[in-house]
Amino acid sequence: MSTPPSDWEVVIGLEVHVQLHTRAKVFASSPWGFGQEPNEQVDPVVLGLPGTLPVVNREAVEKSILFGLVVGASVPEHCSWDRKNYFYPDNPKNYQLTQKDFPVVVGGQVEIELPGASRNVMGEHKFIRIHHAHLEEDVGKLSHAGSGSLVDYNRAGVPLLEIVTEPDLRSSAEAEAFLRSLVAMITQAGVADCDMEKGQLRCDCNVSIRRRGTEKLGTRTETKNLNSISSVRDTVIYETARQIRELEAGRSITQETRGWNAELVRGYVLRDKEDAHDYRYFPDPDIPTLKISRETVTRLSALVPENLYDRQRRYIANLGLPYTAASVLVNDRALAEWFELAVAAHPANPSGIANLVANDLLRDLAASATAPVSLESCLIKPAQLAGLVKLTDEGVISKQQAKEVFTEMFTSGRDAAAIVDAKGLRQNSDTGELEKIVQEVIADPAVAKSIAEYRAGNEKAINALKGPIMKRTQGKANPVLIDQLLRKFLG
Amino acid sequence: MGEVLHTLSAGELGRRLAAGTLTSRALCEALITRFKALNETVGAFTHLDQADVLAQADASDARRKAGQGRGPLEGIPVAIKDNIAVKGQPLTCSSKMLAPLVSPYDSHVAERLRAAGAILYGRLNMDEFAMGSSTENSAIRKTFNPWDLARIPGGSSGGSAAALAAGLVPLSLGSDTGGSIRQPASHCGVVGLKPTYGLISRFGLVAFASSLDQIGPMARSIEDCELLLNALASADARDMTCFGPADRALAPSGDAKKLRIGIPKGFLGKGVAPEVAAAVNAAVAFYRAQGCAISEVELPSSDLAVPTYYVVATAEASSNLGRYDGVRYGHRSASAGTPVEMMTASRSEGFGPEVKRRILLGTFVLSAGYADAYYVRALRARAKIRGEYLAALAGVDMLLTPTVPTPAFKVGEKASDPLQLYLEDIFTIPANLAGLPALSVPCGKSGHLPVGFHLVGAPLSEAKLLAAGRLFEAAHGFAHQQAAL
Amino acid sequence: MAEGFDIDHLAKLARLSLTAEEKALYSSQLNQILGHFEALAQADLPALSDDARVVDEAALRSDEPGPVLGSAAVTRLAPASRDGQISVPRVVDDES
């Protein structure tokens, strides 16, 4: 009798390789970056020429420490580098400099948010523990050409921070949420750009299955070199299903290294890398142990931004934002800080400001005719957007009119008030004048039927009176006021 | 004039060049003539780019004429062991593996020599990848001891020592991992210094054992050795194991006659040939007669030195030599196949037996299941040995021993017994393990074969060692000695 | 035979191919050498202490890009190259 699927629990751990944001490589001074001709970013140290030696890049170390501070890890007093020895054409020295025993970051955790029941509902939050993160060098790139292969060493020596989680993830959704959160935290702190299209973030995914309620971990497989969040998610789904199928058929799981074919959406066993398992690690004799000063840690602590979920909680609790707007804003640190400047200029209506920023501003930034406009070069400044919302709150213009004004502000950079005046958009909120017009319209026999329907209980019938009122006021009547007056006089 | 130029010290050559009674061109031409006459016999050089040497000499003479001479080494040829990178020159390490390689960059020491105006003069033969004590492991050619052409010059810097002893050059660079400067210096009757680990940058020295390797000066006198040392020793940000500017102050030499010398207990019993013991004992007697305090010191862990060295050195070497696989440079096998097959064939064709032996041994002591029993224990033993040496050197200024237990053996005599060769490194190895400066000074002969004694000092005590060497040299006739060829 | 010394395994790890004669010769020589290492196995040794040399952040390099060799120089050094990349035999680790 086969075991029902719900009796199985999947356990997932991730090793995320992130290319850190530096100008030079981690142990060599060669520059690096995307889109260069092959082997143009190679110096004698990168190539592993005889007699060359590694020298550690300070910025790479500081970015690693900053990551540690972002995830609340401990930054040890000392860290050191080890050699991982294995032969492969993309590995110039046939050893990789990495950190096995004394990495630069130990512990830490990443808060994740799972999808809610619907788009507007915040999902469950969970903490995923980080085991450690270590600073190592990337390898070159192999490509295949006919009967041979080609090697480009531009990527060899690029600084990689390898972030290793504890096996705390329990579903593909959690894996996906973890990566999104991790990328947000890393990019918001300026540690790395995580542009996956440029290969700046790659993931190895460890999956095992055990019976629910047991403690012992099952045999795990490792799927390497996943370069998108969707492929991680798909790998988890695939591997979970595959392992359950194997176990239910009475077979056992082989500990193996696997690859992922994104086009065919399936995994496969990687050809055994010939004794790849005995790496003969030993401390690198060319790099002495590094003492990390507490002054450096203190200085870098000042660069840690507010955690995005702390910020989200603050927006919801203190500023009264709905979840959807808050979650859009916190996903982009620059946008959130822009939003906060606008709120500072007009603290009375954060939700109103959030609505414009999260919807209209983002939409227009992305949709610009020539190329997406960046927030920095956007012509609207935070205080100006605040000014627009203030005008709306004061009833000077309607929300409908505000949209029109916004568009004009986006293309011209002019203040809302100036645009309102120039276009003569000021709403008519003169109660006395409007009362007179409302009563005139109510008295018009043309709307008698609608009035009767409204009084009979049809809420929507009142809208039929609004058109004529608007016409008589050249569209400038304050709609909120009109609605109030109509209800007052119709009873 | 040309006949005696090759006998002059670098110091004297420098004085004549400065006085204008000699040009660098004339000097180099004289040495090239001597090279043509003798290199086939002695085999010290594997390569000499004569046109390049003369161009450097002309440039030096022009600088001097324009009043822009750069110092005491201006215009003086310095020969370079073939594991130290010089841009545009071969960097073969006397191995088939790197036979095609021309270095595209300069080592730190090459830059320093250029900045001093020295002439970078040729490539010197060595044991392949610096692994050996006789230079018989060179894949390119044989080098012979100028004092007895049927015998080895020592190794691995055999070419560096033989070139000096044969008067082919006044100064040379060697490298020393377990004695590879000092032992050939002793066998060839010249001076060789291994500096404190970290004093001279290793950037551009082809790594054998990274935590043990050092480049060092070799010459026919203490004064010449010191001249070269001063040019080479400087901070280099490209080598993290090299002392920065703040940490490299050398201890003052003090009065050489007041030096306290320690003789390690039992060292003269370690298979030392009678004539070697006699020459070294005579040196001790000399120092005592000068007023130096001579005492006995204990180094209880001496027996651990050779095994510790061979575990640590081969482990590091097995990793350092991993990069030689025929992919990016050097020898690539013509036989086709998979990348693994190509790498394996290239390495198997490119490396000689001693290199393969050491790679296999190093791989073993690092391998899963054995690293704790061998490599980790060796690191612990190394710390213990270093501790004992530093403790001994707290009470004396330097330790004195023979450099090698026996004088130069005949070519081929020890080819089939690697262990026996390893055991002869007994006196030199500890200085590498402990990172201490060590100097070999000629002190006599065993028959017609040179004998040297060996001084080891505390870190950064080079000046004291050289002062002790100078005191001895001044009273004896071994400075500038050359074999009659 | 020194315990665990498997010359075939080691040669594979080190990417060396040895003839039968070489295997026999090196095995015997290396076992003799390892036998000499008994002193190391027996000695009373202190625990592994902290590194003798520790550096502080002053020894790290600033993040300034430095000179490169250029792809022409890289391919000139290489035994085989094509279109600026280094050629090697076909690497196979895709699914067969």
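A, B and C label the chains in the order they appear, each numbered from 1.
Basically, contacts are C-beta pairs under 8 Å (C-beta built on N, C-alpha and C of every residue); 3 or more make two chains touch, one makes a residue touch a chain.
Everything numeric here is computed off the predicted structure, so don't read it as measured data.
J.: Please tell me whether A-B or A-C has the greater number of C-beta pairs in contact.
T.: When the contacts at A-B and A-C are counted, A-C has more.
J.: Can you figure out the chain closest to the middle, judged by Cα centres?
T.: C
J.: Just curious, how far off is chain C from chain B if you go by their C-alpha centres, in Å?
T.: A distance of 24 Å separates the two centres.
J.: What whole-number Å value describes the gap between the mean CA coordinates of chain A and chain B?
T.: It comes to 58 Å between the two C-alpha centres.
J.: Which whole number of Å gives the spacing of the CA centres of chain A and chain C?
T.: One centre to the other, that is 41 Å.
J.: Of all the residues in chain A, which ones touch at least 2 other chains?
T.: 44, 47, 49, 55-56, 87, 89, 149, 151, 153, 274, 278, 280, 288
J.: Of all the residues in chain B, which ones touch at least 2 other chains?
T.: Within chain B, residues 101, 104, 237, 240-241, 318, 322, 325, 327-329, 339-340, 343, 363, 367 contact more than one other chain.
J.: Scan chain C for residues touching two or more other chains and write them down.
T.: 13, 15, 53, 55, 59, 61, 69, 74, 77, 86, 88-92
J.: Which residues, counting only chain B, touch chain A once they are in their complex?
T.: Within the complex, chain B touches chain A at residues 83-85, 91, 93, 98, 101, 103-105, 107, 202-207, 209-211, 237-241, 315-316, 318-319, 322-325, 327-329, 339-340, 343, 363, 366-368, 371, 375.
J.: Show which residues of chain C lie in contact with chain A when the two form their complex.
T.: Residues in contact with chain A: 9, 12-13, 15, 50-51, 53-57, 59-71, 74-75, 77, 82-96.
J.: What part of chain A is in contact with chain C in the complex they form?
T.: For chain A paired with chain C, touching residues are 22-24, 28-31, 37-44, 47, 49, 55-61, 78, 80, 87, 89, 142-145, 147-153, 259, 261, 268-271, 273-275, 278, 280, 283, 288-293, 296.
J.: Which stretch or stretches of chain A touch chain B in the complex?
T.: 44, 47-56, 83, 85, 87, 89, 92-95, 149, 151, 153, 274, 277-278, 280, 282, 285-288
J.: Please output the residues of chain B touching chain C within their complex, sorted ascending.
T.: 100-101, 104, 198, 237, 240-241, 244, 301, 303-304, 306-308, 310-311, 318, 322, 325-332, 336-345, 347-348, 351, 353, 356-357, 359-361, 363-364, 367, 369-370, 373-374, 376-381, 383-384, 386-387, 418-419, 422-423, 435
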